[in-house]
Structure formats: structure tokens, C-alpha cells
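What follows is subunit A paired twice: with subunit B in the first complex and subunit C in the second.
After this line comes the complex of A and B, so read on.
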């Protein structure tokens, strides 16, 4: 709440007389001013000594509101230019996911990965982080809520050229452990301040919150409204960061039981309309493949769940994908939500249980 | 003399109709086509997420920004600027751009086809020529895109600030584009609802400060919009995301045995004045709107496979005024088609 007194640096118009007038009508901060009817205020100013000065003050305040307090109006051509120049597509490092998303994760959008536990969400996040740090040479901010960030795994994903190179890649990934939503807000606000001053090739390009549901679920429910309010605020803040600073924001969510036993994303109905893209991961234990499908995409419309499985083989075996038959993957961006393809993530070498005939 | 002037005719009825229909034309577009919408109407487009609400807004915007005719092609638009206030912050400009190009190509493609038919060319080469000549008019495209004005608001105060300064913005647009804004779209009026509900500011009773609450913010929003509509009459379309509950579940897994999508089987709640969903906007907003339409995805799989090349079918239903008719539509290639 910015107090109006702080505007006294413009003494010509916003002087103590104007401030006293405002205070007498209960306007002490800029937000109070926004809630009041300006014409009513101007009419009340008529009854005061120096009505012209007061009206000028109101006008001046209104023009400051116009300049500072809301985003600028843009027309379609400007928006398109911004979208083409600034909002690039970052590859996730996994060809199958890139194909599903039409190239990869898009800057300026909030992408959500939903899946039951051990369906590969953290693996996708780690792979995306290592890919952005290595190939796109951008910084990654990784907010880890369950201590699942693994530097060894990042090292596995990176193409090892030299030891120094690996260190540079690792330096690009900044990992924070967060265990409650308020810490997350702190870190995001700090990030917002830092981003305003950053430029150049080593800017932050990817923000991962793994997993946002473990931060929000404890505060939802109960009789308080604070939980939902914080959830919506977090969503707005993430989208703001994504759009204004051209970041890819990737969050993960778990699933809960839905109607008929089919898993549905957690965080409820009110979170549904917050992310731009929602992807559902599921793991098939039988043949150790994961499949990914789109639940919702803000610029694609549902086409139907037809599609064949494509085995996408691991980097180690250096195989290329077979033919894609999913209709949605046509080159014109046709509209879809909800198609599925299969992908196999790179195998996870677990030093304790590794066996050579796993795959 | 003065008295006589009162009785003298200003204009005839025909002249008045002609004047009003050019200055304040009707907007008729599916799926809102059952009622002609005009300036001064405040339409609320209600539906769960995802239904095609934003797509309908984009279609409405395209119908407004296209001209009626240009270089011989008939586009059938209103040639007026539109404003889009994005509270959801999920708008994708490439979606609008693509749909606009598709509409434009459809209009120009049809003339080329007509010309070819007149020359009696055989159908095969006609088809080939049509494909190679379909290009959209780049200059017109740029002109139309400039008629689309967009702003994002990341919280309620930014929204209030935008509304308070909208008057000046509208005047600027009027000067620049030589015509006034026809359509104001608000994507997701309930976007900050939860944040506003949880706002509590305890103030001492001695001050006369307005408290920040859902009620005061909503009242201010409605008040600002009413004042704006008095001086700049516009058509307002606002979307609202709502939770329909189990009966109208958009989840494709659930089979809706009791409520197939025909009017005869609709539940009692829709036929009475009770709404089929839980209304959460405050009453000051509810009394501001003049029209309400509910859209949702059809849960009926038969429709999807039977008709349409795998396009999802949506259902729209007018709640205010209540028409006992359900319309089904699909969105394809930049157009909304009504399915019979």
C-alpha cells in the first residue's frame, strides 16, 4: 500500500493541502484512491478553498496511476512482434516431449506436469534443467521442495566434453530448497528484483518448482480462504515472471483419485485455469515406459486421443524415433488437448541396484 | 417559434434506423447468434475450464476488427477496434493471428474460386489455382491487428487502475483510429476472486476509509464500468470460469447417463431460475449483467466421433434470458460451426 505522502516529492501539485483534503475523505494510500469515485471527489473539491488546485492534484494522481500502476496497452502487431522476438521455444532435451509440445517449452508460459508418484516428473525437470543450462546457455532457477534435486543426474544428462565444461553447466543451475509457500514467495520476489537488472547471454531462462503441490496442499482446505488466495497469487506471480522476463516456468503437481478411479490432478478446480499447458505423465510398470499426454493447452484444441505409441529410445543407444502417427503432430498448429504418445526416459543408473540387462 | 421546433420532425424512422444500424450495429455470431447483441449489453460467458470461452471471444474480436469489404472481398466485419482486458494472463496472440488469417483466406479464396468458375476452367486446375492464390492481404492483416488492443492485469488493483484510466485510453483510440471501440472483452472476471475474498483489512472504526474487501472492489469495478458505458457505449463480454459439478462434468471419462445433451432431459435446476452452477460473483456484478450464456464441452462421445474429424463438440445454453434450447458447436479452421 503506497501512502500518498510519499508523493510529496512533487510539491507543485501534490502538496499538503491536497493530502489533507484526501485524508479527510479517507484516502491515505494509492489503493484507497483507486477505490474512490473520482467525479465525486472532484465535486467535493468544489466546496473547498482552492478547488482548482485540488482538481489538478486529482488529475496529476490519475495520470500517475495511468503511467505506473497498470501494464501498457498494446495492439495486436506489437504483441505479435514481442511473441516472435522474445518468446522462444526451449527444448526439453527429450525428443518425445518436444514433439508433443511442438518444439518444446515456450517462454512466457506456465507449464504444469501432473503425474502420480515416480512417474518421471522430477526426471523431466532435471533433464530440462540440464538441457537449458548446457545447450541454451541460460541460467536455471530450481526450487526443490522434496530434496529430489540430484547433481549426479544432471551430470549424466550432460554430454561430457571436458571437466571444466561440466562445471560451467552446473554453475548455471541455482537450486533452492523450499519447504513452505512463504519461502517460495520470498525467493520469487527476490528473483523478480534481480531479473529487472539482468541482461546478456547468461540470463535466467527456466524456473522450475518441483513440486508446487507440496507447497500448496498443506494450506488448502480447512475453513480459511487464505489457502486458495495464496494459490491464485502464486499462479499470478509465476505467470507474471514468465511473461515479463521471458522465462519458461515449469511446475509439477501430483494426482489424486478422481471419478471412476481415474487419477486427476491435485490442487482442485481453481488451479485448473491457471497454467497455460498441463501435461499428464504416467508410467507403465510392465514395459518401463512413460507416456505423456496433454490435458490442456491454451493454444491447441482437443483432437481426440488417437495415436500410436512411439518408442523413443535413450541417448545411450542412439536410436532415432520411428514415425509419428498422432494427428496432432501435423505441422500446422491444429488445435488439440489430450493426445498421448509414449516416451522412454534415459535410464536411471542407480549405483546400488544397477544391472546390465535392465533394458 | 420555439414551440414549433419541438414538434418538428428530426428524422424519419427509416433515417433513424439507418443511423443506428451503422453507428451501433448488431453482433450476431455463433454460438451467441440466438440473440442480437448490441452496445450497452453486458454478456457473461460462463463455463468450466476448458470450454471454448476464450475462442468465442477471439471469434467475436475477429468479427469486429475485419472490415465489411476490402479490395472486392467480402469479410462481413464491423471494422471497429476492440479492447481485451486479460485477467487470466493466458492469452496467446498467435491463436488470434492464425484465426484471423484463416478468416481472411476464406474470404479471398471464395472470390478466386468464383472467378475461376466464370472462366469455365475444369475443376482440377481450378482447385490447384485456388490453392496457389490463397494468400491473405498483408496490409489488411496489419490494419486489423492494430485494431486489437490488449492489456494484462496481474491483480485487482491493476484492473481498477486500468478501468479508471480507460476513459482516456478510449478517447485516444477514437482519435487515432477514427472510430470508437465497439467491444470490450474481459477474460475471466473471477480471476482474482479468491484473492479478493481473503482480503481483510482491519481498520479502526474512527476513520472513514473504505475497507478493501471483495464487496468494495466489485462495487468499484461495476461503478467504473457503468460510468464508462454511459459515455462510450460498448458491448461488454466477460468470461467467467465456474465449476459445474458432477452433472455437467467435462471429464470425458464420465458417462452422463442421466443427462444426455438434449433439452428434454435437462435437470430441474435449469428450468427454474436456479442456476446449474454455484454463482460466486457478488450480487452487484450479477445485477450488472444483461445476458448470460453457459458453454461446456459435450460429454457425449457419439457426437464427437460421428461428426467431426475429431473436433470436440461444445454445448451452449442461454441462461439469461432463458431459452430452452441447447446449441452444439465446434471450432474448426478459425470458424465456429453450429452442429445440428
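After this line comes the complex of A and C, so read on.
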């Protein structure tokens, strides 16, 4: 923590007299100051020769801490305005998934795709990337850990009838291979710096990490919680990037065996509460379709074990087609209040949400 | 804690935190000898820690400006690169067709199947086929063969190499005189010379070889394929700590991916099968569990269908699911013909 002496550059209030007073009570750093009881300090200042000057010093120091050390407080109206203007919903390119998510992927949220091997997670990521690059003309950053980024597949997804130049669309997608978590941290920090200086229509709108579980599994476990702390800080960094720079962040995770042989998401209990939205994919080998269902959503009730998975993907076709067979009643049940307690942004302006009136 | 994101060992990190250094700025104005004294480590270790810390904090202080950061490529550039890459043929036309031309470089392909289906045969065939000269449509590279089970037979490799040379000469003769690029000067012994063979006897040796491969391949830049036959063998028996096994395997998978991407080569790993209780019945599945199944780019499963051998694409980011027949003949892996069947035991 910074020593109080470094604040001598503000000699008007925080002068050597104030510093000597603080030192006499054992306050040498900013941390000590914050831990000390301010009222007691003010009372002690009364007994000193220059009480007003010392009290002004205390106020000044508090206001400096307030201004620089933490994020500014936002009230509900600010949050609402922010979510209406900045946090849009990006379509994934697949109608079924968009319908399930109430419009698509929401900016400012961390969405996780969980599924066993070969269930379509990378395909959903590729489709979302090509859709954002093409329809929303936004840039996409794709961090790939298993060399599965296939530019040929992206080229197949782009609808050439409406886009004469495949080049413009493909140049919007940046792919970087990462093979360990420290490299990922470096890239994310670099991206943060780039994002602070970018503006205009061609900004980064989608960040995909495929898959984050391959980066975290080698360090998780063993002696100590080092791996867990890196995992949680990676999750927090991704959520911070999503919120501050209005990005959609999409990560993929794999499954491990749970009770009774049913697959459950990997990365354990600590990771469970980090993503805002968790989607479970599964593949039915018999009729070669993939299904997706919601495990957790910050503003919808999850279907869980009682709900039906909505079959939407067919692996045989070139583009991911949709076959949504949803009973209307179950749809009405879906859009009720979620149980999360973070400061949930206002509901998307979507007619299907009108049934929820106690938000 | 900022020190937590430095790529240093856990014990060094513990010492730093106990000594009170929790942020990168606290390390910025320290000399290596002071740090070495405080942490009770050697001078060179302290120097390394400071170097890593300064690298990280320099990253923080640079003001962006670049649109593309180092190492990233746009999808457009990757598309063009992909179209220029040659693939390694398997010598079986049907198998090549479902693989989109053959085994792809820059990717890790996992091939699994029951014992006796022909995995090692396919491995030897690929080790020979990677050496087909560039003029005849191949890669002209060398192969690294890591053998954990001891199933690599040199006599069989010689047999396959001889058959391959005969095929190359025949192909060259069939080309019209103007298109004939060169004389095939390869002898079977040359083909055998270009296969680097490692024999592994324990899982620690396996981890060590894969870590060493980075240095080996940077010294032998013409290696174009790394074959691990099989990756499962030493991790199956008597591994008490399953959590450790998962960590080791996922670390190994990342290293192999890194190799494939950095040196632009193909990595082929063979896996064995196990039984799994899925969907109400016991079925055959690939070994090493769910976490390992995500560690490859493509997966091909070899299986018996009646008396014929078939290959099935189980996982791929860009290939369709399909299956194709193949056969194992005296010359190696070839197209399936109706008279090449598994011998029925009476």
C-alpha cells in the first residue's frame, strides 16, 4: 500500500503537520488510514493545536480515496439507461437458440456452452462468430485452444447472396491460438488496453474462448488453491471486459461424469456461479440432431430436469437449421423471474417478456 | 493479487506473498540481490522473477494503438493458408476422401479402436507416407514415432516402405513424359532412416519425451508428423490418483496442440477402448475419460463391420460425419477389396 508520505505533493492540506499527527497514531500508509476509526481520529485531532487543519486533511484524504480507488456508484436509473443504450442483444445466427435465449446473446454477459465431446459447441461458436462479423459488422476475437478454428466453415456460413466480399467479413474475425492460461491473461490484458482506445462502428463485439476448460484443467487441483484462484480471476476478468466494453463473451466447457452417470459441467463448484448464462448441449447420435437447454440464466428460470430440451441443430446440413418444436405453455412458464441477485439489467424489449410483471 | 497471474512456480509465488510483495509495482524498483536475500532464493531465480514481473507491467503500461495484437491472424489469412496446406495421404482412397484429402497438418488427430483393428499399421503407413516427395504430391518430411507399447515392428515397416517405393515408381511411370518431374531415387532404407523412433516405458518418460519434442523439432525442422502409439497405455494401469492423471493428460494435450501449431506438423495419437455405462447399457468408448475427449481436434474411430474394417469420423470442426472401409494388406493400408477379410477362427 502506498505510504502517506507520497501524498506530500498536495501540500495545501496534507502537510507535514498532518503527516506527523498520523504517524503519532501509527498511521503510515493509506491502508492504515482506512482501517483506523475516522471519528476517533477526528476526536483526537480536537486535542491538537490546529484541529481545523487536521480535520480538513482527513476530509481531503477521504475524498481522494473515494475518487480514485473504486468504481463510481451507479443508481438504478443509470443502470437502466446503460442497459438500454449499450447492452444490445446479438443474434447467434440460429433461430432456435435465439428463441431460447430471448433474442440472442446479450452484451455484458458471460455465456457458457457446456457439452460432451462432439456435441456442437465449436459449431455454435463458429456460427455466432460468422453472424456477428457479417450481420452486425462487428469484430470478433476468437481464442482457440484446440486448433479447431476452421476458416472454411466460417466461409460456408457467410451468406454470399448478401455479401459480395467474403474478405470484408472474414477480416473482422481475429483468431489467436492459446495453449496456457498465462498467455490468455496476457492477451486479455492487451485486449483491454486496445478496447479502451477503440470507438466507432467497427469495434470488438464478441469474444470467444474455446475452450476455457482445457486451459484451466491442467492447473486445477493438486496441492493448494492456486488453480482455483486463477480460474476465478479469469472469470472475473472476462465479466469485467464484458460489462465495461459492452462485449458478448462466449466460453465453452466440457462435461465430466456426475452422479448416476449423467454428465455434469467440468471445472467444479467454484466456476458454477461465474457465468451469467449456462447452456447445455447434447447430441443424439440416433437421429443426428443436437439439442440445447438452459442450465442457468440470470433472467429466466432454467428448464432443469423437468423441462424439455428443444431440438434445434442438425449436423448434416451446411448451415445450422432449426426445428423448433416447443409447446406454447412451456414457453409461457419459461419467462418468469430468475433467481439471481446481481444487478440484473432491464429486460430486453421483447414481446415475450410481457408476462413478467413483477420484475 | 497481481502476483498471482505471473507464470512462476507455486513455491516462488508463496515466498513472494509471504515476504509481502503482492503487487507488480512493489517489485519494480528492487534489485535481484535484495530480492534473493529476502526470499532466500538464488540470484538467478530472483532475476528471472523480476524479468517476468517487468514484462507483465510493461504490457500494462503500453497504450494500445495496434488493431491486431501479436500472434493473431484474421480468418481471411487463415483461409488462404489452409488452402495451401498439403495433407498426408493414408494410401486408402476412401479414407482420404472422408478425411478431406488425408491427415491435416496443424491439427491433432486422435484415432481409436479395438485391439487388432490396425492402428499401428496405420501409424507405420503414415510415417512412410509423410516422406513422399513434394513432386509426387506429398510433404517430403520426416516422422517421429513414439512407441509406448512396443508394437512397432521394423520388418513390417521395411515391407511397407518397399511397397511404397514400388507404388511411387509406378505412379511416376504412369505420368506422361512431359509431366514426369523427377526420377524416384528413394530406397526403402532411406525411408526407414527418416523415421525417428522413441521407445517409452513409463508415463514419466512419456511426459518427458513430449516436453523434449519442442527442442528436438526445432533442431530437425523437416519433421512433419508426430505419431504417439498409444497415448493410453501407461496411464491406464495402476494410476492411483485420477485427479493427477487428468491434470497430466490435459497438460500433455496442450503441449501437443502447441507443437502442431508452432511447427506446422500433424500430430496423430492412438487411443484404446474401454467399456462405459451409457444410456442404460454398457458400450464401447475411447479410454482416458471425458476430459481427454476434448483434447484433440479430430477424432476417427476404427471398428469392425462384419468382416470389414471401417473408419468413422467422430469429431471434426470442418468434416462431415462419415465412415469408409479400408483394409490392411501386405503392402500396408489400402482400399478395401472384398477378398481382404478378417480370418475367421474355426
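The rule is simple: the second predicted complex is superposed on the first by the 235 of 359 C-alpha atoms of A that agree within 3 Å, B and C clash if a C-alpha of one lies under 4 Å from a C-alpha of the other, contacts with A are read in each partner's own complex, and residues count from 1 in each chain.
Note that a contact is a pair of C-beta atoms (placed from the backbone, for glycine too) under 8 Å apart; a residue touches a chain by one contact, two chains touch by 3 or more.
Everything quoted here is computed from the prediction, not taken from an experiment.
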Notebook entry, point to check: In the superposed arrangement, which partner chain does A:221 touch: subunit B (first), subunit C (second), both, or neither?
Noted result: second
Next item on the list: Look at A:35 in the shared chain and tell me whether it touches subunit B only, subunit C only, both, or neither; answer first, second, both or neither.
Entry: first
Next item on the list: Scan A:281 for contacts with subunit B and subunit C and give back first, second, both or neither.
Entry: neither
Item checked: Touched partner set for A:266, first subunit B, second subunit C, both or neither -> second
Margin query: Applying the document's definition of touch, where does A:151 land relative to subunit B and subunit C: first, second, both, or neither?
Written below: second
Check: Now for A:239: first (subunit B), second (subunit C), both, or neither, which partner does it touch?
Finding: first
Next item on the list: Go through the superposed model and pick first if A:229 touches only subunit B, second if only subunit C, both, or neither.
Entry: both
Notebook entry, point to check: Which subunit A residues are contacted by subunit C in one complex and by subunit B in the other?
Noted result: 224, 226, 229, 233
Checklist line | Residues of subunit A touching subunit C in the complex | finding: 116-118, 122-123, 126, 133, 141, 145-155, 166-167, 170-177, 179-180, 182, 185-187, 189-191, 193-198, 211, 213-215, 217-224, 226, 229-230, 233, 254-257, 261, 263, 266, 288, 315-316
Next item on the list: Could you pull out which subunit B residues touch subunit A in their complex?
Entry: 48-50, 52, 54-55, 83, 88-98, 142, 144-155, 157-162, 164-165, 168-169, 188, 191-192, 194-195, 197-199, 207-210, 212, 216-217, 220, 223, 227, 241, 243, 246, 249, 251-254, 297, 304, 310-312, 331
Check: What does subunit C use to touch subunit A in their complex?
Finding: 1, 4-7, 10, 13, 56, 59-60, 62-69, 71-76, 78-79, 82, 106-108, 243-244, 246-247, 250-251, 253-255, 257-258, 260-261, 277-278, 289-291, 293-297, 299, 314-315, 317-318, 320-321
Checklist line | Contacting residues of subunit A [partner subunit B, same complex] | finding: 25-28, 31-32, 34-39, 62, 65-66, 69-77, 79-80, 83, 224-226, 228-229, 231-233, 236-237, 239-240, 243, 258-260, 262, 264, 269-270, 272-273, 276, 296, 298-299, 301-304, 306, 327, 333, 335, 337-338
